[in-house]
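Across the two complexes that follow, subunit A remains constant while its partner is subunit B and subsequently subunit C.
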Partner chain A sequence: METVISHKGNSSVLKEKANKILGVNLQDAKISKSYLSVAFIALLIGGTLGLLQGLNRAGLLELPSWLNYYQVLTAHGLLLVVVFSATFTIGYFYAGMSHTLGGLLPKVRMMVWIGFWLKIIGVVLVVIPVLMNKASVMYTFYPPMAADPMFYFGLVFVVLGVWMACFGGFIQVANWRKNHKGQHLPIFSFFATGVFVLLVGATAFVAVEVIFMIIPWSLGWVDTINVMVARTLFWAFGHTAVNIWYLTAVSAWYVIVPKVIGGKRWSDLLTRIVVIALVIMNITGGFHHQIVDPGISESVKYMHVFMSLAIGFPSLMTAYAMFAVFEKTARKQGGKGLIGWYKKMPWSDVRFLAPFIAMLAFIPAGAGGIAQTTNQLDQVVHNSMWIVGHFHLTLGMSVAMTFFGISYWLVPYLSKRVLTKGMNQFGVVTTVIWTIGMITMSGAMHTVGLLGSPRRTSYSTYFENATALSWDPYLIFLAIGGTLLMVAAIMQVYAVFNLMFFAPKGETEFPIAEVEEGEAKTPYWTERWGIWIVLMIIVVAMAYVIPLTDFIVNAPPGSPPFKTW
Partner chain B sequence: MHRSEKIWLTLSFGMIMVFMIFAGYQAFALEMGPPSHGERIDPQKVDQTAPFDQPGIKQIGENEYEVVMTLQIFSFTPSDIEVPAGSTVHFTLTSKDVVHGFQVAGTNINAMVMPGYVQKITQKFDKAGEYLVLCNEYCGAGHQLMGTTITVK
Partner chain C sequence: MNQKTFGLGLFIFLIIPPVANLMESVMIIHMHMQMPILVITGFLMAPFFQSKFPRFFEKWNQNGIPGILLFIIVVGYWMLPRTMDEALELWAVELFKFISLPFLAGVPLRDSWRKLGQAGKNAVIIFFSIAFITMGWLYINATMQLCNNYLLIEQITLGWGFLTMGIAFVIFLGYRFFFNPSAYE
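Right, the complex of A and B next:
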């Protein structure tokens, strides 16, 4: 008996040593695997709900009263924009922090586990009232529509869970910096820091909205609510959230993809500047959701055009950087000609193909975003299906496909398995189906949106109105695209769990690209996070102090809660 | 930094500036700014507050009309509006309950209508026909039925 135990003990010590050398800490891997599992289960459920909506919008499916369109849409939005993206982001960055910062501290490990369970509790509390049709208020839950208080408490738990993960990240990074004075934070963890700073900054707004305004009001402690303050606080969060998922995808483009294709990464200094710029300027971008709102003067709205467009600049820097890295790498491998070098790219490698298509998607997606931040152009498309098409390009392609591409090496890395040729092929097919589905759906959405078809509306002919009926031929593509996406989502989720539990055992590398040889040393000022956070707060203050003060000081009488569904 | 990158970034910056200049010129010189009316109202007393105590359409000049309209779940008051072709219509809008959107398909009319705020938007209807008016902000179970028409004769 004793020998058995001691033998077991020995082997586990050995295992731990081996892991240290190979860079996988099993305890840390378990954290990331748990987060990723939740992410992909959310993708499967959220995707299924998305298909139901696509079929409804095409006029092919009437949803039953116990699971109506608006319930489905609320759950779809929350599961994909909040649960899938946030859990993937945390799982991915924690895996990378563990890898690049020499394993997680026990304290940090505990914090991120607490964060995990807080999030799970939160999601359950949110989902129950949605299923009971007591919270069909959408991802945006604009007051004075009032859901069951349980819905808002659930959101609070989700935010607390996110904060635990963020502050765990800060402790991990601070500890590394203390032990590595004068050194630059490894680039992967630099991205992680930026993402966690933004997550705290963005969720702070929605926390104020939910805790101090909505919860007392939905419980009946106060009679009325200031709808414009709530709406403004929401968008300071709501848009930043999606930009954070985008920044997560960008981290893989700069750090991972160059390694996958056998190249070096882009200038370390410029990469860090992109992260810093996105952190400083991001939160104020959300204001463009309020371009056609009453109560905000045209000059404030114009100032916000600048604030929103400014975020475009680092993205345009990224566009150049990515193609420069591709060209350089391909030429080194013998690629020739002005554009003939593209033949040298590893097109059949899903770890490259998926994020590459994701980047391409960001060209029209980013252009659409620039249109939407520009006052008069936004007025044409605001709240139309165009917007839905836009964020299915940005989130559904640029972000989701990058996450899919990551999963093909991250999951086997975490589970000490390998990506087989067959599974890679499977991933390529998944990528192609997803791409076709998303282009079909999002293309139709953009077009029908320009014609006036509204978002967040179940199928309607508006009393056989000719204009509304003329949208039907476009809406059918929502069903076609949605069906293809469903197929690809099932395949993707299958791939993730196959790689986690059934793929052949082996070692998979965490691919982090090196800097170009002979590159000038990055100046140390890039590490001054205190300054970046102060600048971020100043920009946020410039953007929000004037309109928020006006909404509070010159507030109209507030609104009582309404349940209109 | 490579020369081509400098050119790219200059062009990028230039493009953003062009968007800024056009947006500013249209908003302030051509008065095409987005609907931004600032007036407040008690959202629980809309029916007793002028001009919303008498919603409807009123001719205010040659080829010029004012429509005072309330939005409530799931309708517009007044509905089924008729105006002659070539008329300019000034809409004055507010919500009696939740957040609504006011959109007229085939025009640039698109405005948020918030409880507590009066929103204004103007449109000239040159082409005859039936225009679909709809609420483009989710407002509840019957949101997809919240529509009416403007008939231009």
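Right, the complex of A and C next:
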């Protein structure tokens, strides 16, 4: 028995070495490249739809009746928040798992391919009714607005596809751990595990919502739906989803960026605690999206503020860790002064610049999030353009720009090509345009939201109402920002496909930073995922039992489906 | 701040009247948040008592069983609807709650847990899984108000809280049963 295990171990060590010497495994690279291609095609289409919306909101463009504002809005949200983010996340983590865990297992490869095609089928099923104007229910698909059942079946396929990728990841990780007894999971794969656990946890809620509530209702098998329960299940998913994309970005901040700038990783233990804390506390944070919803007592809302703010804590730990790494590295390279060390940072390297601006953006973005979590403050901005500004800052800046930064080394690594000086320069310009565009657009959205402009409505002057007319100058800025973003999106997509197919051949490193020398050994308890998952379930149960029991026991008669468009 | 001080600080925070009142205003938060956190404060403060009275623990809780029995009795007592009611009505019972949960449940739990073998630990978790699922069933299905101070809907909520918590314990037991840590560690 012993021989078998040690033989297995040896072969896997050999495989790992081979992987490092020969570079990427081509079969694994194909998986990641396929996922990334879908991600960036989704970015291009979703971005174009975003531009159409921006121009409409500024009163510059009237959309035709066969492609109205709400169709565009639904597709934009789904393509960017679900398709772009999820496919990028899976492609990126699978590339890293293949690299750090010694290549993917054949059955894992098969699972992730099945997941890929399930997702493609799902997206097609979702898009068809949207194009036919039968599903203008937006990304949140709140009942009682009801789309064509095909839309919901498509969502089920998307979730199944995500699950295949997640469970493939679990099998890969379990296999590695069996062959590396007592060792800590490599940090990149540790992040991947956290992300996949959260993805399964989050999508379980939306699966219950869609399969057991919405599909029977949209097919007419049941007459009514409990709207509050549906909304609650949705946000347990929706909020966690965006936090998962954020955690994906965070993984690059902790693991990749230090290597890119020539430094070391900050405390391995702290990094793992951040991942564990985000996994345990994340799902319950979704409740703050319902902070102005009816039917929930104020004391419950008040207590939920703590659950949401708890997520802010690991983010503050991240901010501390990141700037500590920057300062340490810059000082080692000769940086001097209280803040003068910043001059030593590699500002002209897009692989650093893009994620750095992304991190910086998370300071106002996170602060805005805290404001929205607070009951009284949220009452001022809820359902206004402020919220749209907020999630364009978090997702459009912090997450998307980190993803862009990643693409400049990940795509060449996967394609056995190199990032040329010229393409790096091109990436820097893209980053700058995207930054200016997003600051302009998101700033305008935040401001006009404070002035009362609602979200999720096409352009209207409300019968030449003076207040509504006062929004117009800001909305023009929104359109200008949106146009710049479109330019940057086209450049980014060009860069990705250029790096994938046309850049000069060569080897690119998968940049994973090492820990500091002499750092204390990370205790083994960080690896006990079973305990973290059970704790996550207990926290979720505690957080949701009060509102859900109330919604179900004291349920109103429920609502029939409505087609409001 | 070490865990003993943190435990004491948390304990003081929990007994401040506005905090206690807020937590006791919702039945499930009273039983599933205030009470467990009180136990946790005792758990955190336990090293102080263990270092001050090592012989006492050695003599009375050699194999961990007396301590865990005390823990089960105290926690079991506070799972009864009537005791919660009394804590809200009589200050002496409220005082007993604030003393018993940290010092007669949290402290012995910490002292006993390491002394219990794997089988003992599993037995405790199995006991609480069964207790929680039974209490959940009772609170969900009781057609009358069991506490004078809490409405029927709060009782049902507490029942679901018990049930979901019981399910989480069962998942944990399943994880222990199906996954052999020695295969990974």
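What to note about this one:
Rule of thumb we're sticking to: the second predicted complex is superposed on the first by the 544 of 565 C-alpha atoms of A that agree within 3 Å, B and C clash if a C-alpha of one lies under 4 Å from a C-alpha of the other, contacts with A are read in each partner's own complex, and residues count from 1 in each chain.
In this text, a contact is a pair of C-beta atoms (placed from the backbone, for glycine too) under 8 Å apart; a residue touches a chain by one contact, two chains touch by 3 or more.
Because the structure is predicted, anything quoted here is derived from the model rather than measured.
The superposition on subunit A brings subunit B alongside subunit C with room for both.
In the superposed pair of complexes, A:457 makes contact with subunit B only, with no contact to subunit C.
By the touch criterion stated above, A:562 is placed in contact with subunit B alone, subunit C being left untouched.
In the superposed model, A:117 makes contact with neither subunit B nor subunit C.
Once the two complexes are overlaid on the shared chain, A:182 sits against subunit C while remaining clear of subunit B.
Touch criterion met: A:545 reaches subunit C, while subunit B stays clear of it.
When the two structures are aligned on the shared chain, A:501 is found in touch with neither subunit B nor subunit C. Within the superposed three-chain model, A:530 lies in touch with subunit C and out of touch with subunit B [touch as defined at top]. A count of residues in subunit A touched by subunit B and by subunit C gives the higher number to B. Of the two partner chains placed by superposition, A:347 touches none, neither subunit B nor subunit C.
Using the contact criterion defined above for the overlaid structures, shared-chain residue A:468 touches subunit B, although it does not reach subunit C.
In the superposed model, subunit B and subunit C sit 70 degrees apart as seen from the Cα centre of subunit A, a figure rounded to the nearest 10.
With chain A used as the common frame, the shortest Cα distance separating subunit B from subunit C works out to 10 Å. Residue overlap on subunit A between the subunit B contacts of one complex and the subunit C contacts of the other covers 554. Chain contact summary for the complex, subunit B toward subunit A: residues 1-2, 5, 8-9, 12-13, 16, 19-20, 22-24, 26-28, 32-45, 73, 97-99, 101, 103-106, 108, 110-119, 130-132, 134-141, 143-145, 147, 149.
Remark: subunit A residues 68-70, 136, 138, 142, 144-145, 227-228, 231, 270, 290-298, 301-302, 305-306, 309-310, 312-313, 316-317, 320, 324, 370, 374-376, 378-380, 382-384, 451-460, 462-463, 465-468, 554-560, 562, 564-565 touch subunit B in the complex.
Per the touch definition, subunit C reaches subunit A in the complex via residues 22, 25-26, 28-29, 32-33, 153, 156-157, 160-161, 164-165, 167-168, 171-172, 175-176, 179, 183-185.
Only residues 174, 177-178, 181-182, 299-300, 303, 524, 527, 530-531, 533-534, 537-538, 541-542, 545-546, 548-550, 553-554 of subunit A touch subunit C when the two sit together in their complex.
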